[in-house]
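One chain, subunit A, appears in both complexes that follow, with subunit B as partner in the first and subunit C in the second.
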Partner chain A sequence: MSVSYWRLRDRYYRIIGSICDSCNYESFPKFNTCPKCKSHDISDKEMPHTGKIISYTLSYESMPGFEHELPMSIGLIKLDNGVNIVSQLVDSEAEDIKINANVKSVFRKINADGNSGQIYYGYKFKVINA
Partner chain B sequence: MIIPTMKSSTPVYISGYGGYVPKLRLPTSDIAKLWKGSGSGPNKTKSVANIDEDTTTMAVESARNALSMSGLCDIGAIFVGTESKPYAVKPTSTIVAQALGVHNTLAADFEFACKAGTEAMQVITGLVGSGMISSGIALGVDTAQGRPGDNLEYTASSAAAAFVLTNNSKRSVAKIEASTSYVTDTSDFWRRQTESFPRHLSRFTGEPAYFHHVESSVKQLLSEINLKPSDFKYAVFHQPNPKFPIQVAKRLGFTTEQIQPGLLNPIIGNPYSASSPLGLVSTFDVAKPGDRILLTSFGSGAGSDSFSLLVEDGILDKGPNYTPLTDIINNNKEIDYATYTKLRGILK
Partner chain C sequence: MQTKISGTGLTKITDHWSKSIVDLAIDSARQAISESNTSPDMIIFANTLSSYSSSQENLSTIISEELGLSDITTFKLESSSCSGAMAVNIGHKLLNSDNLESVLIIGAEKMTDLSPAETIKATALGESYEYTQFFGITMNSLYALFSRLYMEKYDVTSEELSQFSVLSHKHSVTCKHAQFNREFSLDSINKSATISSPLRMLNCSPIGDGSASLVLSKTNNSNFDDVNILSSTSSNSSTSFFSREDLLKFYSTTSCLNKSLAESKIKLEDIDLLEIHDVVPAITANILETMGFSKPGNASSDVLSGRYDLNSKVTLSSSGGLKARGNPLSATGIYQIIEVTRQLQNRSHADLENKNIGLCHNMSGIDSNTVVHVLGVAN
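Then we have the complex of A and B:
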């Protein structure tokens, strides 16, 4: 596992973003300076694990290491707190993946360093109440 | 000398439970078509983990459901019972702990073939009952392996179940009244280090292994807590196939009606360490306060754990986020054998 992924594991495992202690602006990923009020008083905050699809695409091309998952659905999701997040969409039929569809996060394997290397876990989303 | 039935010195409760079954189903007729030309397995379909699912991901999903129902955060133990760890050396339980945001906790992986999950429940019962910790999560999880063409391939499936055990009676779903365990050295099923698939001695599977151990642990439990099969509303037995739990229930004096709510093998197969724990999840979903439930696991090698559980009022409030196991199981999609081999990395 790369050092950078290990440092950010709470981001990927629990969708930890941040909240500005001055103006309550929430963001994902975490910012060290509030994009809204420029405050440096920032705390970690777990983002909601539910939201709605605001855009999506079905990809037949992949980055190296993801060929086995093609075709791959990727969604732009507005979480229940208004924060946007990009995520792979899994366990969802093509006809159910549409704008305004309700989604929830799931914990999945993202990739692995071959058969003997480490496994990368993280969030993906799936459509619910289709 | 008979090991006495285990009762904690202070009461231990189950305050949350959660099950997880992957969406994909492989019809066993597809397996039979490839290897035998026609027919099917003893179960109609089996659940199959997707390409991005493993024991760790299913453990996290079921644990999140259980923790959400319990509403507890003071978790002092996370024990994952499984025989399909993604890493031979590196705990699954620490990844689960990180995903739950729990750090000041014991964490370990347990292995005892198909009874590792109930073993985790017994150890946490002891830790909670002795006052060493206030709450813990016990999990039974597996992406079960079956060699292509072997009889096990029809039933070996994937699923997870998690239970939050606690000394807090406030949201008790069920009280753990007592449990027992019975083991012998019996080589009915095993997998050597570095081997991908288990082997089994077919004629050992039934009488010397499953029936002897299950009957021994149940009889010992009932004898020592002075209860009889009719004192239980429901019973859950390990389900290596659809027939064994029905047969052992009959031999012990339980009816088919008592085991029906927890009988999942015909539709999801045998998810090894998750088999009887998931049957308990399914039974909890229909249980009412005052119902008594027998839970009995079986693990090859071999052993059996039995529990007497008394359902309490917390069963009536499962929380706003709870999804019944039936809904999870019914949200499924059938795949063919070729897809199955790709998803599970069987063809090398």
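Then we have the complex of A and C:
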């Protein structure tokens, strides 16, 4: 995992997606062709770090390496620029995780290669103004 | 020229501890070849997990050799969980454009050699490695996020949507190759363990091994009635459902349906048999509503009123669909086509009357890539 992680670290740390230079369509993750106008002139764009929950789930099953996160709270979030992102929700009370709750991103450990291997970091989200 | 389904073969969907992916593929392929009374000119092997679950690629060559078929064209086709129907789509196109008489389509998936956690990763391999798998987001979580959006929009509860799980299990009771041959009450489904809220264990399609094969040909040498492919269409959309303008709109399904009706020259109301990608209830409902079989938000109440029962005008998932027949990813689309074919030939587990046209809908992800076939008996 380490090489792709190195390549994407800024995107994971700062939520960097794309903006179309022709029509200003924004997206996360980054794209190579604008889904809206098909332009290839694309630039990096940092996404807003705040948004609202539009759907959520509490997952009781995990992929390898995420067993310690169970049950994992996951949100579908509409960021303030209208871009949707799926992210783990942390540091939030279960009763505060609901539709239209305001959230902001936090920087967290995502996973690690065993006890002595590389540690991977990235964005998660938490409920604010609850 | 119309493509005919001239041979079918399948294994039971279950934990085949003693069989490899090659063993499973050989089993269904031999049945299909035998039924067709032909030797195929080409083999398309549909599979999505083999490099992960069996550490094996080049399986089309290996399986062809094991079938004793050499000096033919053989290759693997992968497009996540719609690989099976996509292989039929491509086989049909090649048969119509090339100097071929018959094509053998084999779909197979070996899922139970993996650990439970690996299996959960396996089902998410079709989603973004960099942005979904990296964060540990499971496929059932994505289905759950979609389900809640559906429930909110139409004010339908997950308990009501579980009617689909009841229906699937009711239909698979007498189907010998189905993974489950038992019914579940609405109450027991709604009290089963939560997998990813609001989805419960008995709402989610199970993990199982299976293989299904078809022979497509220009002439039908089998002992069964002609079943023709009246249309074969496919359409892709965004990989992630949440990057779409309308999160509940199934763009690929809509496009496939429109193209299918035009190509097959049938009307929606001509369809008697429906096999759709009924992987979890809200997705099943959204497919039926997208296609116009139910009004938006009404699909689960239509199930309750019997609209999709075995003996209704339109039968949904007559062998239990993805939930109860099972969902061995790349084989699933082929199991669907075999179910409709055998129903039309009056040799399926449930003897349904007056069924002439069937529609099969198989997709990867949440309507990321969709394939629709319309099948009919020759007039």
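The working rule: the second predicted complex is superposed on the first by the 129 of 130 C-alpha atoms of A that agree within 3 Å, B and C clash if a C-alpha of one lies under 4 Å from a C-alpha of the other, contacts with A are read in each partner's own complex, and residues count from 1 in each chain.
By our rule, contacts are C-beta pairs under 8 Å (C-beta built on N, C-alpha and C of every residue); 3 or more make two chains touch, one makes a residue touch a chain.
Just so we're clear, the structure is a prediction, and the values are computed from it rather than from any experiment.
Novice: Regarding the shared-chain residue A:55, is it in contact with subunit B (first), subunit C (second), both, or neither?
Specialist: second
Novice: When the two structures are overlaid on chain A, which partner does A:76 contact: first (subunit B), second (subunit C), both, or neither?
Specialist: In the superposition, A:76 contacts subunit C only.
Novice: Using the touch definition from the top, say if A:119 reaches subunit B (first), subunit C (second), both or neither.
Specialist: first
Novice: Classify the contacts of A:35 with the two partner chains as first (subunit B alone), second (subunit C alone), both, or neither.
Specialist: The second partner, subunit C, only.
Novice: Counting touched residues of subunit A, say whether subunit B or subunit C comes out ahead.
Specialist: C
Novice: Is A:106 contacted by the first partner subunit B, the second partner subunit C, both or neither?
Specialist: first
Novice: Hey, what residues of subunit A end up touching subunit B and subunit C alike?
Specialist: After superposing on chain A, subunit A residues 69, 110 contact both subunit B and subunit C.
Novice: Touching subunit A in the complex: which residues of subunit B?
Specialist: 23, 50-54, 56-57, 60-61, 64, 86-87, 95, 98-99, 101, 333, 342
Novice: Per the contact definition, I'd like the list of subunit A residues that touch subunit B in the complex.
Specialist: So the residues of subunit A touching subunit B come out as 9-10, 13-14, 46, 68-69, 90-91, 93, 106-110, 119, 121, 124.
Novice: Okay, in this complex, where on subunit C does subunit A touch?
Specialist: 115-118, 120-121, 124, 128-138, 140-142, 144-146, 148-149, 152, 193-199, 238, 240, 242-243, 247
Novice: For the complex, which residues does subunit A have touching subunit C?
Specialist: The touching residues are 1, 4-5, 8, 12, 27, 29, 35, 54-67, 69, 72, 74, 76, 84-88, 99, 110-111, 120, 122.
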